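In what comes next, subunit A is part of two complexes: it sits with subunit B in the first one and with subunit C in the second one.
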Partner chain A sequence: MYDMNRVENAVSQGDIKISANDVQVYYGDKHAIKDVSVDILDKTVTAFIGPSGCGKSTFLRCINRMNDTIPIARIEGRIALDGEDIYDRRVDPVQLRAKVGMVFQKPNPFPKSIYDNVAYGPRIHGMTRNRADLDQIVEKALRGAALWNEVKDRLHEPGTGLSGGQQQRLCIARAVATEPEVLLMDEPCSALDPIATSQVEELIDQLREKYSVVIVTHSMQQAARVSQKTAFFHLGHLVEYGDTDDIFTKPQDSRTEAYISGRIG
Partner chain B sequence: MTDMPMPRSGTASAAKSSLMVADANTRRRNAAEKRFRLYGATAIGVALLALVVLLFTIVRDGSGAFRQTYLAIPVQLNAEVLDPKGNRNPEEMAKVLTLSYGKVLDAAVEAAVVRENIQIQGLTEKQISGLISKEASAQVRHRVLANPDLIGQMIDVDVLANGRVDGFFKGRVSMESAANDKNTSPEQLMLAQELRDRGLMVTRFNWNFLTNPDASDQRPEAAGVGIAILGSLYMMLVVLLLAVPIGVGASIYLEEFAPKNKWTDIIEVNISNLAAVPSIVFGILGLAAFINFAGLPQSAPIVGGLVLTLMTLPTIIISTRAALKAVPPSIRDAALGVGASKMQSVFHHVLPLAMPGILTGTIIGLAQALGETAPLLLIGMVAFVKNYPAAPPEGLFDPASALPVQVYNWTQRSDPAFIERASGAIIVLLIFLFCMNLLAIYLRRKFERRW
Partner chain C sequence: MPLSWALFASFLLAIAGYLVGRSRAFSAAGPDIRKLHSRPTYHGFLVGLAAFLPAVVVIAIASLLRMSGVIMAEAGPVVGLVALAAAVVGLGWGITRIGVDFHARNTVERIVLGILIFCSLIAIATTAGIVLSLLFETGKFFQIYDWKTFFFGTEWTPRFQGNSQLGILPLLWGTLYISLIALIVSVPIGLFAAIYMSEYASKRVRGIAKPAIEILAGIPTIVYGLFALVTVGPMLRDYFAQPMGWGNSGSSVLTAGLVMGIMLIPFVSSLSDDIINAVPQSLRDGALGLGSTPSETIRKVVLPAALPGVVGAVLLAASRAIGETMIVVLGAGASARMDLNPFEAMTTITVKIVSQLTGDSDFNSPETLVAFALGLTLFVITLVLNVVALYIVRKYREQYE
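Here is the complex of A and B:
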């Protein structure tokens, strides 16, 4: 039993949430991202597709400044969240990451209990005053990640004991527990089997009601299934960006067409 | 075993190779594997044999230190000798030397021999009283000073037997060796045997070995490792309090926070180099820095502890860094991804996961420090120490010995009874090390988590 049945994509797309202008990323001497400008909408699933090494994950990690942890990475240009430049000197990346959550390629729950995994974010951000509030937040997050019914009787068992798909949904629950505004997902289904993948995809579709979701994926079918907007990256360039239907049915650029028809990548 | 079944005869047809016949290449590879297994098993066998021989020798030589022969006799505490003023004033009584107690004891031994009707063929008084240790008078004096009311009474005491007599019952001294020994004679040993047969002389477990201080060359039977154990414990305390926080702190900073540039590279190389510096060099450093420059007292556990801290730091830093490196980066990403600060990600997630490795490395470093001798020789820990150090923290500045130094010290002495003591001290040291390693294994199991 799932918490919610799959809803139709009836949510209207929102305003511009993230706006990137002329973003350049260098890893040492390597120019990894070249002149990327893109507007990502609120309450929309945006998919980044492209061949391996095209820079889509790198660009995703710029949006919550995870690249700061890589000493040789250098970023130029402007990325704004709700009009505020996230690379401004006054911005604390820790505060930014509370607003822009992230789910990684490989499920990486903390080696703690399921409860503690979800409660960790709210705890460190001081979102609750007492245990009852925290219990509520944990339940809400787990329901939001469509995991509550499966784990409600074993909240205090280790999160690493769950199956791969459950672990990834636990990571999503952990990310949504801090009530972010944007959710970044870096190939969230690449380590999952088809059934777990469809569960996570269903979940992504529901998350769109509340968040702006950006998903990096290798699978074009997945991009077509879950996203409303698609961006195609190639060799560090943003080649084409538009409505998913348009990208897959009438691509403007020959490289996009070559990629989606399987000739490159 | 993945070896193929070997056919008996090599009647392989040239046309088509059969799976039933191992070809030359396979045979060669299988033989190589067999040889390699043999080498490995031989290496293990040699290592085990060496270990068994080592343990056997030490236990054979050292187990005697844990058993000691005592002579149980009644002693008349003569008031005229022990308290000449007759006022039981402890200060006045303290002026009576062990010499006077010696006389009282000598008389008691003789009386006991006479009472038991033992034939004493040609033994002088001196030889009879020579059956008991020179330490015995100090033993009785101690007891009397602690309780002056005993004076004038007849008390039963277990006095230490002489080291040669003790050695005779442990098989170290024989009639033949006694004949060539000017310190003892076969007649004395026969008398001792008589006393033993009558139950006056008993050999039992020697707690005093674990609690007594060192004793002079003349009385190996009284020597113990008490001060050495205390000194070693004090030094471990210093090392634990200094090396662990400094070492773990330095590793966390270097591994998680420090920028990667040429300075951190230089520091890293130098830490590895420090681990390879001979320990005696640390001793000279300690002598120069802590005693000559900082003016700390010689022979003090604080100085020993500081020197051992310097020695242990590289070990702790290297193992802690290895443990931190082994934590998967995905855990750090996960913590940062939910908005934890760098420090929160390290202290909430990375450090708990690295804990088993850190603890193991730390305990191995401590065990290494516990067994270290060379640097301690240079800072005067080899001195003869008769008084127990006070309780910490003051006691850290009092002179003390250390277990490995005590072993070194005893092996330098001429009386073979000290070889037994030295081996006994090695057994104590090994038991300590064994317990520390057990603790390391236990902590490792306790903190280990799978992910």
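Here is the complex of A and C:
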């Protein structure tokens, strides 16, 4: 399976979707992200790994400007999406977040019906003209999140009534329905059991066909399973970034080696 | 010996008992304190309670007997002596029990549990007592007055000579009208203030503004009444009612409603604030992460999630508005009237309860007894509102647990 991935990588590599240059993040006095520069590719799953508190989630939240909602957070440096600086003053974070979707650690379906959860994004962005269009988008998103068969008969029941794994796939469907270009996932499986985890991982692998997916994970096995590129963060630094195979088989930095062999973290 | 002295003496005895019990326990333990089953303080507490509780029980029973006329008030000194004797006996009993194997901790904890249960029973019994006394007097009222006239009569004209028209509808109308205006004022303002406080305000602004709003809640309602009487009432009359030809009354439904609404603002806002804050941050993140603006997040996700709780808050506010008296007396006047004009003086059930009970009528006349029927009606209305509100609020809480 890995070899297949590598072949596809070879095809798509070169399209840089997001490029970050010298990004610094401060939370009040705390320097949380230091000099991070990285190029994230289109139609690729990129995994951010590293010990707790290393800044991987913080950096992920910079990519769709979710850190703007934290008053004490301050960001320096440049992050560009398709070559355009997302921290430029003319960029509206609201529009940016429509292009860069996010799935959170804990499944957070809205207390609405399954249908309304998925239809939320298309509705607020005025993506449809009539109900039939909306029905179609909802069905497509739910199929895309591999949830359609399980919920097609109870679309109008509350989304909070689903199981944990289904809720997380519902949240992925909700993000996909907005037709983003990039999908950010902040430890999407950490609240799920192994079966639900494998379903979501399978889904992530399919999402790669259309989106650039960035996933933060605590599990190195998960990073190895789902990603083609891996970035290792340590104490706010991006220590090493490269093909997942290389990071896990022949890491260049001693800290990376120590982490993947379980000596730190 | 007066009872209060007996009580005080047995309290001193209890303190002495505590000290004696503790030191006895220490000496019973000998050099190894761990041989004691219970720590010495528990032995002390037990001796103290053994002295104090019997005295309290004796005095309580004696008071009940005196109320029901079995013993005379002159028996006070005897009762005091009996109480003191009970305290001494209890103290002696407590001291004899002290020993290495005595389970003083378990006994003390059982007694404390008993006291806790007793206190909750008092709260429940008081409610039951209030309802029963209302029911009793209301029953007397309906024996001498036709219930159909009371519930469906549109005239409220009590007379001293008897033969009064005591229809509740004009009062009910005034109550609901004023409460409605109060809610129309307080719900949007309180809710919007809560939204600003919980979603937009910076920590510093919130730290100043929230207590400032809550100061409003500490103002006694009679002060709001004065505000209605000297400021709002004349202002509404001079600038709205008279120029528009809607009336000349200084006191009006609108005055009372407005001022009552102001009184309810902090109530609605602090309840809604708590409820909005209870909506998990993850829902806000989820909505923002999909590209909603902050206002879309509030309108489409936060408020719908908080809605049941907000409805509960509104119902609680409504039941307060319905029970409010002072603002109505000073703001809306005391004339029972059924009218749509909000610049007209009207009155509410609570105001009429006060005026019927403070009049000169014979206590057993329907003019006085009607106050209890009014009170019971009010009680039932607010009880239903509270039950519905609590039910809704509880249902909402379950959603996130």
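One rule holds in what follows: the second predicted complex is superposed on the first by the 251 of 265 C-alpha atoms of A that agree within 3 Å, B and C clash if a C-alpha of one lies under 4 Å from a C-alpha of the other, contacts with A are read in each partner's own complex, and residues count from 1 in each chain.
The criterion applied here is as follows: a residue touches a chain if its C-beta (ideal position, glycine included) is under 8 Å from a C-beta of that chain, and two chains touch if they have at least 3 such contacts.
Here the structure is a predicted model, which is why all the values come from computation and not from measurement.
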Subunit B versus subunit C on the shared subunit A, clash or fit?
clash
Output check: A:R169 vs subunit B and subunit C. Expected answer is one of first, second, both, neither. What do you get?
neither
Just checking: does A:K17 make contact with subunit B only, subunit C only, both, or neither of them? Give me first, second, both or neither.
neither
Using the touch definition from the top, say if A:R97 reaches subunit B (first), subunit C (second), both or neither.
both
Quick one: is A:H234 in contact with subunit B, with subunit C, with both, or with neither? Answer first, second, both or neither.
neither
Subunit C clash site on subunit B (candidates 2-10, 56-64, 110-118 or 146-154):
56-64
Taking the contacts subunit A makes with subunit B in one complex and with subunit C in the other, which residues are shared?
64, 66, 69, 71, 94-95, 97-98, 101-104, 106, 108-111, 120-121, 124-125, 160, 171, 174-175, 178
Given the complex, residues on subunit A that touch subunit B span 64, 66, 69, 71, 94-95, 97-98, 101-104, 106, 108-111, 120-121, 124-125, 160, 171, 174-175, 177-178
Residue ranges of subunit B in contact with subunit A within the complex
259-260, 328, 330-341, 344, 348-349, 353, 449-451
The residues of subunit A that touch subunit C in their complex are 64, 66, 69, 71, 94-99, 101-104, 106, 108-112, 120-121, 124-125, 160, 171, 174-175, 178
Subunit C residues touching subunit A in their complex are 202-203, 280, 282-293, 296, 300-301, 304-305, 399
